[in-house]
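In the two assemblies presented below, chain A is common to both, partnered first by chain B and then by chain C.
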Partner chain A sequence: MSRGPSITAMPPPRNMWDAINPVRLLGELSETRYWMYLLLLPSALLITAIVLFPTVYGFQLSFTEMRLNRPAGNGAFVGLKHYARMLSDPIFWVSLRNTAVWVTASIVIEFGVGLIAALALNRNLPGTKVLAVLILIPYFLPNVVAGNMWALMLDARVGVINDLLVKLGFLAEYKAWFADPNTAMAAAIFIEAWHSFPFFTLLIMAGLKGIPADLYKAADIDGAGPFAQLRLITLPMLRTIIAAAVILRVIGLVNSPDLLLILTQGGPGRSTQVLSLYAFQNAYKDFNFGYAGALSVVMFVLLMLFAWAYIRLSKVNQD
Partner chain B sequence: MTTRFDRRSVLKMGGGLLAASALTPLPAFAQSKSINYWHTFTSQSEAAGLEAVLNLFKAANPDISVTPENIPNPEFMAKITAAVVGDARPSVTMVASERFEDLLAMGALVDMTDRIAAWERRGDFDDKRFAAITSEGRTYGVPGFTFVDWGYYRKDWFDEAGLAPPTTYDEFREAAIKLTDPSKGRYGFGLRGGPGGQNFIVNVIEAFGSPVKKEDGSIGLDRDIVVEALDWYSGLLVKDKAVPPSAANDGFQQMISGFQTGQTAMIWHHTGSYQDIASKLEPGVEFGTFAMPAGPVNRVARLAYAYNCITKEQDADAAWEWIKFWGEPDAAVAFLEKTGYFPASSVAAADDRIAGNPMYKAASDTLGFGIPQPSFPGAAGWAEGTVLPALQQILIGQATPEQAADQIMEGLAQAIE
Partner chain C sequence: MAQTRSGSKLTWNILSYAVLIVLALLSVFPLLWMLLTSFKVEDDIVTRTMVYFPTRFTLDSYVALWNQSGYPILVINSLVTTLMTVAICLFTGTIASYAFSRFNFPGRTPLMLGYLVVRMFPAVLMIIPLFIVMRNLGLFDTSLGLAVAYTSFLLPLFVWMLKGFFDAAPKELENAARIDGSTRIGAMFRIVIPIARNGLVATCVFVAIAAWNEYLFALMLTSSTGSRTWPVGLQLMVGEFQLPWGMLAAGGIISIIPVIVLFALVQRVMVAGITAGAVKG
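Up next, the complex of A and B:
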């Protein structure tokens, strides 16, 4: 069916004022194909101002000397100096390793718990709506609140978790979870997973609603059990959603140091030091924005590579 | 009946409303008598102290409105850096002395030399009080109050054990060991190995004989002394077991609550935590205060000042009224009574309400021998980003004092390069 001509003929201006009337001119413009570009302009400008410009500037910073407390040499082009320093910086390598542990463990736990919760809530049993709200609550808590709340609950002196574990006989005495390098990262990952698994629950639940019930009925007839149905129907059908959720969470985990900043500040020693925290500390403790910029660029490149590899491996594009 | 709006009429209405809005009178902004004040007060006692000063100021200066804005200490440098770079500066900022050099270098501070020279209360302040906020003869702030380093001890436990408050590091260690009894959950010393603990490590290094900033202005450390100091300090946990095992992550709250709840017999802090501790333990009966003990070579107790600095030229006159008000004895004493923070003004410090209180004797004594924190661009970042993690690594068994000393030396070299 034809939609008719896209540009309506405009009546000629009636007088001089009409010819320059901005409202009339805007009206005329709204009926041309340029109107679309005009509507997109504010968001394009906004993205340029708050995403594109800082990103490009961050790249530029990584090749310059920029230490706010050393104004004399600031702005000088230093080529790959910061990147070369990174290669011989032991804290960078520790941070990289810790970032891999932090992101991988958090994603695995968040996805696992999120999937189980979504499958359970999708059964529409009595009380699931209330449970859904309760399960989503941690995700609505700001990181600062969640971090401080758990720091208090795990406190080595007054922590309620320690108290419970001692009373239940799991611990002989209160444990300083964040002072022991063997448990600091694990405790932080646990808190991160508790805080963010509802993100997966939410997205997976939305995906589950879109899977036709007929597929499960047919699988039942064919004798497929619940695990076979999960493996052969549910997970493949959720592939796109899972890929998107994993990529978004990985970006969030790699880029956000706030929870670790509250819980451990990278300690004890360097046992919970991750790249984002190291970049933050370089920028705002040492005021070395050049080196912090280089660290951020490395994080950016790693994330791009991860997203590319993950999309390829998960074959999302083939859908 | 429904009214249909086509695109043209919506555009016309929008244009008309926009034109009409331009004709409405602009609100009359109250000009420049309103200032904002960035501070790092967090505890209830600090908030009460600030409120007391604000109320007095309001009564004395009804035409100036001060809006206090709390910037938590850990985020302070990030926020002020962003404010300076983005030109969204506060009118007045509370600047801890160790942050002065960094803030000056980034151009955050306004020169206040002439205002201070002409100030009628300038004579109430010892010249030394301004040393840490002066660079190349120009002064950039007025001390609002003083952080006097001292120690708190459980007087009841000390009396029970027949011990006197320590005056040397040896006595200190001995008392810490003697008062440790893990079966009762008691430890001799609440070592702050978590956030904020870095300055005490530097103090111990200096007490063992290696000042970070020499008298001639050069910066450097003696590795052997650093090793010795780290060995002694970390040894309180690693060898003597006289420190709670959570020390590597213990920040201010953990350290204070450990003392308040009867876990530790001694802690090091400054006068600012006095009211917090007195709210849980009885002064002079359950706890007492002592001047920082002398190390093998030096007696190091810091006198750090919280300076109030003008950070925006535009509001400078009103900002100056607020800043100088902190030097009034009534304001200083009101603040001390709520918080325990010592006045920076000698006139206010001599007030009977302070000089007559025996619990403040240790602080008054410290005013005689206390020294400022070493200050140079990069000092704060080095202490927090290198010195503290290095100590933590010894505390958790990941490094020896020698390895930690190497990290500290290397970090210092990078900080000043």
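Up next, the complex of A and C:
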């Protein structure tokens, strides 16, 4: 297909209409060598305008003073001021630590539950197709609905989860999960894991379909038990897809403050304050765009480092 | 030996069912609870002892939501923004995806990686400059501005997902059409896109659900009921009234009905598309 207009040649225009007929002109254009670039042009321009330009602008903002509520001195170059402030900003360090907890715990639970669900679904037992659809539903629910649904169920006065836990004897009385700094993060992680574990289920199921059944038959003959098969066949065969899923999910977890913004706004105290939330609040509440920009740049760099290291490590293991 | 193996197989089957049923219940229970709550009277929601099933079935919460909170406008705004997002992705993304799928040209691999890498950019890092740019262009607090902002993370996703469907469409028919004298663009619109129709629909639905659900960009880039979307409006109710659980539940139910319906309609193709893109990527 890339050989150019060798297969067909358009006949020369016969009359005036042919010369300006847009369908004919487009057809002719599509036979030129530059056709694929023309096809890519609109989306490339759009991505340049709304992704690349804002990103570069964001980097620039992080070196300038930009407070929308204090117009004086806006746009002035301040060098590394915001980055220097970060080093002595205790909230930044708390946010960094919380981000690590939030991302690590969520990923571990989501991957674990996602893997177990995928392995169970992959046995193709009768009736499990319906269960698969039900299990995938949380992933497609809006953060706002998922967050408020769980906030209702965990509410200190009217929460049904509290009622069930009390009735089952796990709790002495209703608990205000999001008012206690010791449980707020755990509750938020639980909700996040509930929301996103189907992502891992989806991807791992796709990966499982690609593993040749012969491998398991051979392992059966060699007397390898199910756990040995999981460790020696399934997980190594899924390495690429697990790496892709983990990276995508880590990006999502680091970048989106949505769920925490809905559930806790970083509280109580700073117990659920994460970097993305801190950056967003700096921009949205305090209009301090320069500092918010610097915080986002730090997040971006950390993510790039993580992705690079993770890909390196999973490749090194392969050899 | 054979007996113990079939015995252990049975154990694993039972275990699989147990795990799947527990997970399915866990996935669906919150939704059912929200549905029940939306039909309860206030006295059944805020009680001393938990009321599981409504003592009196009522639509009060839905009526209150519809009349008091301006919810219809929010839903229409969301619909407009979602349709615009899908339209932009459809017009610019389909041809890009086709180009990646069918042509080999200098710069193809770096460009494709570029479309992937932009997904790593923190939303917050883009929201702030977008806010300033949109304000300068007069696109702040408009549905079009919000849709364009959504395109920043949904267009790359759209291109990658659709590429999987284009890759799966056989090239032979297209070649036959070319030999019969069809132009490249003719073959694209008459042969390839119709073959990949289901995938195209599923990809659009995926993007539509994401745009419909989005919260953070909408919070930052809208400021009035002229363009505010339902997730922002729903969340504002939390502060506005004294935790109106019934209305929140009703709003949640209304807003996820389109998501559930669309998901149910194209779930099989969409799941195949998400996973195919990921396996190859």
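In this section, the second predicted complex is superposed on the first by the 286 of 319 C-alpha atoms of A that agree within 3 Å, B and C clash if a C-alpha of one lies under 4 Å from a C-alpha of the other, contacts with A are read in each partner's own complex, and residues count from 1 in each chain.
Going forward, a residue touches a chain if its C-beta (ideal position, glycine included) is under 8 Å from a C-beta of that chain, and two chains touch if they have at least 3 such contacts.
Being a predicted model, the structure only gives us computed values, none of them experimental.
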Chain B and chain C placed together on chain A: clash or fit? clash
Tell me which partner A:212 touches in the superposition: chain B (first), chain C (second), both or neither. neither
Q.
Going by the contact rule set out at the top, does A:112 touch chain B (first), chain C (second), both, or neither?
A. neither
Chosen between chain B and chain C, the partner touching more chain A residues is C
* If you stack the two complexes on chain A, which partner ends up touching A:269: first (chain B), second (chain C), both, or neither? -> first
Q.
Per the contact definition in the header, classify A:156: touching chain B only (first), chain C only (second), both, or neither.
A. first
Exercise. Quick one: classify A:57 as touching chain B (first), chain C (second), both or neither.
Key: second
Per the contact definition in the header, classify A:26: touching chain B only (first), chain C only (second), both, or neither. both
Practice prompt. Look at A:135 in the shared chain and tell me whether it touches chain B only, chain C only, both, or neither; answer first, second, both or neither.
Written response: second
Query raised in the report: So, does A:70 touch the first partner chain B, the second partner chain C, both, or neither?
Result: first
The clashing stretch of chain C against chain B, among 3-11, 147-155 or 219-227, is 219-227
Chain A contact set shared between chain B and chain C covers 26-27, 30, 155, 157-158, 261, 280, 283-284
As the complex stands, chain B meets chain A at residues 7-8, 11-12, 15-16, 74, 77-78, 81, 85, 101-102, 105-107, 193-195, 244-250, 254, 257-258, 261, 263, 377-378, 380-382, 384-385, 388-389, 392-393, 395-396, 398-399, 415
Chain C contacts chain A in the complex at 8, 12-13, 15-17, 19-21, 23-24, 26-28, 30-31, 33-34, 37, 45-47, 50, 52, 88, 91-93, 95-96, 98-100, 102-105, 111, 114-115, 118-133, 148-149, 151-152, 155-156, 159, 171, 174-175, 178-179, 181-186, 188, 209, 212-213, 215-216, 219-220, 231, 234-235, 238, 245, 248-249, 252, 255-256, 259-260, 263-264, 267, 271, 274-276, 278-279, 281
In the complex, the residues of chain A that touch chain C are 1-2, 7-8, 10, 26-31, 35-37, 39-40, 42-44, 46-47, 50-55, 57-58, 61, 113, 116-117, 119-121, 123, 125, 128, 131-138, 140-146, 148-150, 152-153, 155, 157-158, 160, 163, 194, 198, 202-203, 205-207, 210, 226, 241, 244-245, 248, 251, 254-258, 261-262, 276, 279-280, 283-284, 289, 292-293, 295-297, 299-300, 303-304, 307
The residues of chain A that touch chain B in their complex are 22-23, 26-27, 30, 68-71, 155-158, 176, 178-181, 184, 261, 264-271, 273, 280-281, 283-287
